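What follows is a short report on a single structure.
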């Protein structure tokens, strides 16, 4: 299917993502932050679809929005947040942090304006999305087999680590 | 004007879903049709659940509003819409407001890829089944939001239970689904598919519904999914999240009126959604029984009469009940109403006998009939089973269904490799 | 699906001239700028917030910004000719983003596990309080 | 005192170390809650879903029945006792009438005693049916409720035909019965027995071997025989813990010693055993009623009691085996027409204090199951 009104959707989704991101780092209540982050993640999944990466979009929804964020919400509800809402929200070095981030932002701006030549000017259509999943699968289980196994090992370690951490006594 | 008409009619000849054809008008029509049909199905399900459950429990169920309580769901809907919409004083208003919409959104969006027929789906996605599982997993967010925003203990416990339950059963569910996707790859090219339509077509091509594939592997995978889907939709015997005897009503304790009805709507459409996944993956989707074994024009003719006949049967049932209505004048309006309902059903049945309609409606009929079977199972479970306890539920999910799912996955992969002659030890 | 046509070789300067048009023409650069903005938001969150949960969420933002870049580049490479390593099978960016998502899941699980242990001992979620190696 | 000594091993006050200190949840279950069987309020201290301890708050249905008794004559107070355990009103009446008879030193004639046994046992079945339906409903099985209510209706019909009331029957009088049995009473009771025997199998078919039911009830709310005795728990709860104590056998009243029946006991003292004990008790009740109807003697139904009762001064305690446990009445008479002091020992009230002991360390869902299995009636707890 040919894309419809690409610029419109791009700007809409970008606005959603940025608004969500700003809310994440400014809300007092972590639950509100989490919901803003979910908005960002869903908008990003839609952007993946625009980039002809349907499988990554699906993984983004099922893993990030459906899995990781539920975990976040679960933990937020487990730790009582009433007291932390009343406390100071930003740490004492916040000024330094903002300055550092601004410097980094300046660096990005510099790179993107000076180095425009390095980037393609024209958005191009990728090949058929129809076999995206199949191609990804053959890459993942072929060329990247070893990395895949390492990733599963990482997950195993993470599971054991999380269980040990959450146990009654350490 | 001409071009508009041409744009609209250009789709009619194509053998694609409107989404794949990129025809916005027909996409819109299909969305309206699917969601309208879904709403009607939820209303019908509401009435049927109460009647069937009542008859299982030696009582009559709703009898007052309309003949045999047929108008009861409408009366209920009116009551819910007119009820005061309460928001607790200490609730988080925005999240409290947004939660039911989140749940409804997740439950309805899933239907975008449900294939009611080879071309009767809003769109066919390359990642169809992944999309369905992903989006339906979003409803847990809405439930958690509702439970947390109510700022009350019972909803909070309900939400925590529900999220833990849904996340755990999704894993077992995924295992069962992956084993089906492995089965779709048993063709010459050796490539499987995640597309919902592709999965049904693979069943047609392999001359076998996947529930019977590699017997009993397909059956066990189906069993795992059938258990997990009940847990996923928070229905009895896994309705811990809204266990009315423990948590009053679980995560929607503080909700009333319209918002509560949204949760209700979402629950039933989620039931229909997971049932249609099960039907698509294991029971051959829109395929009629024995499409290969009993092929040929004669059988084709025979099976094409079944939709109309079943509607005529329902109409006959209505007329029988009309004859049994009390003859007292007090019941006159009800009797006429029931007869009218029967007449409408009969008319629909007769329309379904007209040849073009007969051919056209086949797929949708078989798909709906299979989904309706699952709906009956849901009601049956509710009438029969006590409720599981939370730790038992978790134990079952992680210690029974997940290892079973893993075993099935490995075995299916092994058998599939063997069949493809790819097994070179 | 309309046939895919490569109108430029990829290193075009023409479009850049027409600023307005470039705004309406979504290029890889647009995605990169979006990713950079998201990354900065995440960095600010990590550096300034006290609440551990929100710091962890900011890290998720950073990872997502990286993912966006990866997928955008993967899209770009798919449109490149095969002789420089492009073509429809050049999906390495997407593969990498899947690994990043896996990594994020592991990070969230462990991070939240640590958070629970921390909260149980200190009864606070402030990152300033984490100033001992063992408590 | 001795009580303190017996209770000390229960260790009811020891606080458990919670999992997350800050996350200890206090939940008010009731007084408006679907599963507390009336207006019981249970304050639960939870760690996640694990119960660290609970406290029952009672008195929402207190009507001062005992005080009312001191201001009414012996005859006038008789209907009031029906309002305590309103699902087993006949048993309450039997206990009260027998206590006053003991005080007056009269005995009801044999025919009256047989009818009393028949009605009391019918009421035991009705009470157990109501328990079964609501208990199953609490655990999530909704269908048994409708089955038991359908069959309980038959018993209530017999009551209605006999004394005109279905719930608060006021069936017995001090010294015997007021009404002779109606024509066809014996036949109807026998019909009911024949009708009811297969129904018990029907209930058991739905539950006894149901996997979920067994998992939900086995090992839940365990209480040892020692704890039961220390806490004064009686009735099916005590018997399910393995103590063969039934007042119908231990201190036979009415004419129970004429009948042949078994006392079922359990072994583990868990919810499942209590369920089984009550199911067997229903079967045994059927057996008793059968014998009582077969041996129903002819004769008078009322002993000679004075119109104005002035029992001799003194005190008396008499207890019977009500469906829920030992129902005792303690009456102090000062020789006037009204009791000087009247005290009821209700089984539900005493059994309820075992709730904390039974629920510690279990989950919220188990609290519901345990409240159901104790078979409490709040009218009797609060009086």
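A, B, C and D label the chains in the order they appear, each numbered from 1.
The rule we apply is simple: contacts are C-beta pairs under 8 Å (C-beta built on N, C-alpha and C of every residue); 3 or more make two chains touch, one makes a residue touch a chain.
Everything numeric here is computed off the predicted structure, so don't read it as measured data.
If I average the C-alpha coordinates per chain and also across every protein chain shown, which chain's average lies closest to the global one?
Given all protein C-alpha atoms shown, the central chain works out to be B.
What is the chain whose Cα centroid lies farthest from the Cα centroid of subunit B?
Most distant chain from subunit B: D.
Across all chain pairs, which one has the most C-beta contacts?
Of all chain pairs, the one joined by the most C-beta contacts is A-C.
When the C-alpha atoms of subunit A and subunit D are each averaged to a single point, how far apart are the two points in Å?
Subunit A and subunit D have C-alpha centres separated by 61 Å.
If you average the Cα atoms of subunit C and of subunit D to get two centres, how far apart are those centres in Å?
It comes to 67 Å between the two C-alpha centres.
Averaging only over C-alpha atoms, locate the centres of subunit B and subunit C and give their separation in whole Å.
Centre-to-centre distance between subunit B and subunit C: 36 Å.
Between subunit A and subunit B, what is the gap in Å from one C-alpha centre to the other?
Here the centre of subunit B sits 31 Å away from the centre of subunit A.
For subunit D, what residues touch not just one other chain but two or more?
20, 22 - these are the residues of subunit D that touch more than one other chain.
By the touch rule stated above, which residues of subunit B touch at least two different other chains?
Correct list: empty.
Going by the touch rule set out above, which residues of subunit A reach two or more other chains?
In subunit A, 1-2, 55, 59, 67, 71, 78-79, 130, 132 touch at least two other chains.
If you look only at subunit D, which of its residues touch subunit B in the complex?
25, 27, 33-35, 49, 136-143, 145-147, 150, 206-207, 210, 212-213, 215-216, 363-366, 368
In the complex of these two chains, what residues of subunit C are touching subunit A?
Interface residues on the subunit C side: 1-2, 4-8, 10-16, 22-34, 36-45, 47-51, 53-54, 56-58, 60-61, 64, 67-68, 71-72, 74-76, 78-79, 87-89, 91-92, 94-95, 97-99, 101-110, 112-117, 119, 124-128.
Taking the touch rule as given, give the residues of subunit A at its contact with subunit C in the complex, in rising order.
1-2, 6-7, 10, 14, 17-18, 21-22, 24-25, 27, 30, 33-34, 37, 40-41, 44, 47-48, 50-53, 55-56, 59-60, 63-64, 67-68, 71-72, 75-76, 78-79, 81, 83-84, 87-94, 96-98, 100-101, 104-105, 108, 112, 116-117, 119-128, 130, 132, 135-136, 139-140, 144, 147, 151, 154-155, 157-159, 161-166, 170
For the complex, give me every residue of subunit A touching subunit B.
Listed in rising order, the residues are 1-2, 4, 29, 31-32, 35, 38, 54-55, 57-59, 61-62, 65-67, 69-71, 73-74, 77, 129-134.
If we count contacts the way the header does, which residues on subunit B are in touch with subunit A in the complex?
19-20, 22, 24, 92, 95, 98, 123, 125-127, 130-131, 133-135, 137-138, 140-141, 144-145, 148, 156, 159-160, 163-164, 167, 170, 191-192, 194
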